[in-house]
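Take a look at the structures listed below.
What follows is chain A paired twice: with chain B in the first complex and chain C in the second.
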Partner chain A sequence: MVRVKSRYLLCEVNVSNRSDLLLLDDRAVAAAVKAAVARMHGDYGAALCSIRFSVKYLNAHTGIVFLRFPKRCYKLLWSALPFITSIESRRLTIPCFLNCLHVGGTIRTCQKFLVRYNTKQLHRMLPKCKTEEEKQQVRQAILSCCLPGGNKEELEDDLESEEDEEDEEE
Partner chain B sequence: MSVFMDLNLLFSEDRTRLQNLVETAAHLGFSTVAVNYVFEPSAKKKQEVPAPRPINELIGQLPVVQGRSRPIRVLNRLTVVMSDASHFRPNAPEYRRFDLLAVQPTTEKLFHAACMLHDVDIICISVTEKLPFFFKRAPINGAIDRGVVFEISYAAAIRDATMRRYTIANAVCLMESCKGKNVILASAAEKALELRGPYDIINLGQLFGLSDSDSKESVSSTCRGVLLHAETRKTASGVVFTMKIQQEALQDSADSEAPAAKRAKAT
Partner chain C sequence: MSAAKVKMREKKMRNQPASVQYSSSVIAESSSRNGGRDQPVRGGPSGMHPSKKPKGPPQTGWVRGRHRDGVGYTKEMPKFITAGAFARARATEVRAMLKAVTKTTASSHVFQALPKHMRRRAMSHNTKRLPRRLRDVANRMREKSLQASSKKKKEPAKNKSRKARRRHGNLLLEFNRRQRKNIWLETHIWHAKRFHMVKKWGYCLGDRPTSKCYRPCYRAMSSHCLLQDLSYYCCIELKGEETKLLAALSQLTSKEAGPMFAAGLCLSGCRQGSVTVYRAGQYPSQPLGPVTFLWRPQTQAVTHRQLWIWAHPTLKQDLLPELQSVCQCHEAVPQVLHAGVSDTSQPASKPENASEEKLKCGIKRKRSSKDASEPPVKKILGDGTRLPGTPVTWKSDSTGIVINDLTMEIVRYRLIGPQSHSVLTDTLEAATVCHEVNKSQASSFWWPQHCKDENKMNLHHQQADVFHTLKGIFSTGELLPGTVLGLTVDDPRLTLPKKKVKALPCVNQAQEVDEEKRRALMLRGVPEQCCQSFLWERSVRDNVTDNKISEQKLNQMRSEVLVPGSRLSPTPPQGRVPVLLVHQPGKQVGNEMSSWGAGWDLLLPKGWGMAFWVPLVYRGVRVAGLHMSLKHSQNKAVPHFPHDYPDCPAGVRFQEEQEAEFLDKFRRRPPAKRTNYIKHGCLAPFRCPWQQLAEEWEVLMREEDGQSQSTTKTDVSMKEEVTSQNIVMTKPPSCFIVLRERRSLRLLSAWCRPTTSKGQRLRRVVKVPPPSRPTVSAFLAAHGSSLVWVRLSLVSKGKPEIHAMVCVPTAEDLKLLGRNPVNGPQEVPHKDHFKCRIKRQKKASKKAATCPLPTDDPLSAPVPVTSTAPQSSSDLIFGLWPDPLPSVTSHCSRVTLGWVTQGDFSLSAGCGEALGFVSVTGLLHTLLHQAEEHRGTLLLRNPNSLHYRLTKVNIEV
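Now for the complex of A and B:
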């Protein structure tokens, strides 16, 4: 058996105002990517982008997006991503940019990377905490993250709890 | 060697904007950035070369770089827009205060002079207009031999569709003659939202006609080469370095008041 190969891009949506992130939804991100590809690479790019492109996961709290592209043309499609300057969502234009953090062949490797990346973000957050209580919470969160084992649901919970922590810090 | 650098953040009087720029750059994983002062001499009246502001005055506390434990390193850079041969004065004392020196020639003759003669680190390729001249092989090879690099900035391409065409056209034109060697990609961003992550820039190099390894070098090791080249400009070929030590300043130097870039390197 030969499986269909894809590339998963783990991107971070950067905005100037963090509360704008909550307005994002996956359809808005998909539309923005498609528009940028069509603008940069014309009909050819739009055609490639319509085959197996999808937004696999969107975390509105941390602004993390998983994009799936077909493997044979992911570099071409990726080169259009820097030209996204805003995402239109719920009739609002959110100025933002996408920053690619990782490119993986499976969702699982991306997930592993994301857990590690979020742990690092928590480490960066620790010196910025003001009260002792906040510090304790972040420490707890760092201890509770683990690399993905066999159980996927458990991991999802871990991810959720990290996000909650980060929200409280914001 | 994979620390990423962005050697062009436009200077603005607005302190919060500059602070935002540096913070975003640190978040994206750039370990060195340069604040760029653009100096455009005009024929009619004489203008002063801008003086660099001390970094600790501009930015309160330097943010920590993503993925590393060190704070970001901030340098000064001067870009002289040359439209006449007299605009660039070699060995001017004003230029010595900057860490990096760049020129942006607008005619073929000046481009030739900048490549072969002038003691600069970076030659900027204009990205906001159609190329006013063709790149010739001889000056570009001369520049590569001397260790001068060419800079392509991408912020204009992000702002506007026509600029994007000019940027890509000029970049591809340059790559034809320099074959991807001695090229750096920088942002020239005014706002924080015009910066892009290092991996995105590396992939963007594909559009400019760079190969994978060349475009990776264009944000990392070539930039390091520029910094080392800049150091040789200040010192006697990077071998001998002199500095004045005052008696009462000894204590000051102990707690290292000067920014990391200004300190004498033990090379």
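Now for the complex of A and C:
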């Protein structure tokens, strides 16, 4: 089938002060990207960036961002990303830079990649832990995200709830 | 986005992770636009929220959207981040992503989760084609969908196979069940296969054939024969002494409206008569409707007279109580349920239900031999909807009159057209006399009994003679209107042709003797004694009904005949039926096409309907339904009941039904595709406010008299606005009268005619002086607020439609008449003042509908609008004037006189013709002001057009 194709960039927002990350929101990120593209590529770039560009997902805790660009010009837009040095959010300027981790054709591949990446990161975090309490928490986190059994149960529950909803609709 | 789209998107995005961020008042608005994304991740917030943060209140930390308590973000944000919290956030994200990846979003089919190369054909049908791990889920989904579908459409409870359902007994049961609500005519099955059926007046009636045959039906009416089943007409039988009957019935009618029940020829039983019945002593107000009546010819030794009154079913419910009160028959005679067939002592009180139960023939009972325990199924003959205990007979002790409700007891077929007599003579054959019957032995059939009686046989021979003479007549219209002929005929199924043949007249074989007889028949009618028929006697009717030979038996007899296809002889003893032939007059009014649409009515005992119907159809007649009977009366220029009786209760009911039907049809269209009747200046496109019309014209004339004949339109309209208000206030229930007095109608008709018209003067003998002011005012004093039924024929083009307006032409309009081609004036489009009001309402209601959704928003709360919107929008329909109507007469540029109740292109006249009512006051006023040569010219405008057409008005008596 014919569809509009896009590229999804999975980026990581790197900040020096971790607590600044919580100030982020999707509009601020989008504005920063647009500003950088306009600065680098001028009006042409700004125009490209105004079509079908969006921030699909932002996690303020982990600093993960999904950006969607049109496939036609994603390289051009991507080239402007390294020039972002700060994001202005909530009247505060957060110095940061964007690190692109993955480029995907669908949001699904990005999600799959993110799952892998996050688990790897958690595994990496484990030996670096300083206190026993931290270690315990991280271990728990790893367990909670990789236990396959829990996942399956959830699936079943969802199916049930789905049924209920549909019944209500009728 | 529509609600459905939002819902779908929500479903799709349900498993997709939403952004996780601290909310702020600035972004709240923008994010709420993103549809489903503002749903928090399931299970995310609780797990993700760092428990260690003391300042972040857990209930507000992850709420996206508007802040409720107005806490600023700086306060709620944690100051530092621990590794454990971070790890947990990571883990939560992983879970969310995993969920997004693993769960399918688009459709809920399980197999769509499979990669394409693993999909197989018919996977949704057969779950075994799925991999085993998905089978459970798929099975459950399938069950669910099956349940849902079964819930949607109720499983039809057809547990019997088609073969079982179509078995005769079961079919009869089913038919009887379906007849409980609406009465079926005997020809119902025949009609249901060929006609669009409608449920009307408690009957199932054929409206029009499914085949295209409007013109063939018209041609049949004007050149051959058209057949209709009129069995739904109700017959009420009155028995009693002649003087007492006449005294009672004379209260219902008036001499001024034409002949009454006591008319000489009708009373002898030679003619069928027709009258308009009024409520007792109320003439000229409160009419009930038209009825036809038939007296039984007097027989020696019997002083009691018998009278049949035939009425339309909607009229019957009004007429029957009126008759009861007039005849003082309030005592219902209980039904004798087990009256035997031969029991003739109480013929009047024997109900039809008894004969229904005793019916033996006409039913195939194959299964009854197999299991006798099952009660045998009986075909319903007569009224199936009536409860067994309902009385059908009432008698009075004081007057001795017995009223008998013979609804569905007698089958009535109408043959219309000049050749209907040849169809009849072709189909029916006078009964053959039984010679071989043993004279001493009593037979259970009626005919052998009658054959023993010399007098009865003489009468039968006379009747057969007259019937034979009928064959030589050229056209049905030549006979005297209303002629009655009683007859006994053989079963017409015996002479059924193998193929459909067209019955043709046989005039060429005329001989001298026949010529003489024929002339006597045409001039003098049927001799009096020949009008007698055994159909009048209930015992004979029941005997005939009960002893009908079944179709099966007849076919068996046919198969045993030596030469296949030859006539069955001898006639079986039960194969004689008494019938009555009643001549129906054709067009009696007007000068052109006289006696068009004349015909015969065939009255039969019940149960014999199909036995006569099929042989008649095999004689090449056309069969028509209700639609064609309306057209028949329209071409005949007679008012059709109940369409053209707006002053009768049945007519009022009909008008209400019609209005509801038209309004429903109108509202089914989208507003942009509807006719805007306000712009066309049509106040009442679906009903005619006759009452308002009559009153307004009366007021108008009074005003004018007061002002000594100075009529200017502005004046009138100004007055109208004032008066219309008063009228609405003081409206007595239905006090307008339709003028039916013969003398006044004749006068009006003479006045309407232009003096210089060709052809119309020829037949007029009496010269009526043209209307002058004193004569008109005298006329108006008598019939002020009445309406008169008129026929309008268009001068040039145009097809009038129902509820078209009849208007008064101005002097300039009449000048157009001389021009060629004649072109009527145009109405200036009106302005729709209600359009903006409807729009405003719609906007308000829409706002009101959307407003309640954001409940926490304090800014938008126009609650009073919501409460008013629904009720006001219901009475304002786009394109229709809301009640109360303004002045109906002076709403348009031409003053309205009345409305059309039926209109169509008349195939007989070759131009558009309309039948309608106009106000007498308005008509006379118009005639008075018109020049001699243009007298009787009016304007006609369809409700959905702005073009006026010139018409000529005819009042025919």
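Throughout what follows, the second predicted complex is superposed on the first by the 144 of 170 C-alpha atoms of A that agree within 3 Å, B and C clash if a C-alpha of one lies under 4 Å from a C-alpha of the other, contacts with A are read in each partner's own complex, and residues count from 1 in each chain.
The criterion applied here is as follows: a contact is a pair of C-beta atoms (placed from the backbone, for glycine too) under 8 Å apart; a residue touches a chain by one contact, two chains touch by 3 or more.
For clarity, every value in this text was computed on a predicted model and none was experimentally measured.
S.K.: In the overlaid three-chain picture, which partner chain does A:K34 touch, first (chain B) or second (chain C), both, or neither?
M.R.: neither
S.K.: Please work out whether A:P95 is in contact with chain B alone, chain C alone, both, or neither, and reply first, second, both or neither.
M.R.: first
S.K.: Tell me the contact category for A:E134 with respect to chain B and chain C: first, second, both or neither.
M.R.: Touch partner of A:E134: chain C, not chain B.
S.K.: Answer with first, second, both or neither: which of chain B and chain C does A:K75 touch in the superposed model?
M.R.: A:K75: touches chain B, not chain C.
S.K.: When both complexes are superposed, which of chain B and chain C contacts more residues belonging to chain A?
M.R.: Of chain B and chain C, C contacts more residues of chain A.
S.K.: Looking at A:R52 after the superposition, I want to know if it touches chain B, chain C, both of them or none. Which is it: first, second, both, neither?
M.R.: A:R52: touches no partner chain.
S.K.: Residue numbers of chain A touching chain B in their complex, please.
M.R.: Answer in residue numbers: 12, 14, 16, 39, 75, 78-79, 81-83, 85, 95-101, 103, 120, 124.
S.K.: Touching residues of chain C toward chain A in the complex: what are they?
M.R.: 15, 17-22, 24, 26-27, 30-31, 43, 47-48, 73, 77-95, 97-103, 108, 137, 140, 144, 148, 151-152
S.K.: What does chain A use to touch chain C in their complex?
M.R.: 18-19, 21-27, 55, 57-62, 64, 90, 108, 111-112, 114-115, 118-119, 121-122, 125, 129-130, 133-134, 136-138, 140-142, 144-145, 151, 154-155, 158-159, 162-163, 166, 170
S.K.: Quick one: which bits of chain B touch chain A in the complex? Just the residue numbers, please.
M.R.: Contact set of chain B toward chain A: 20, 24, 27-28, 64, 66-67, 154, 157-158, 161, 164, 192-197, 199-201, 203-204, 206-207.
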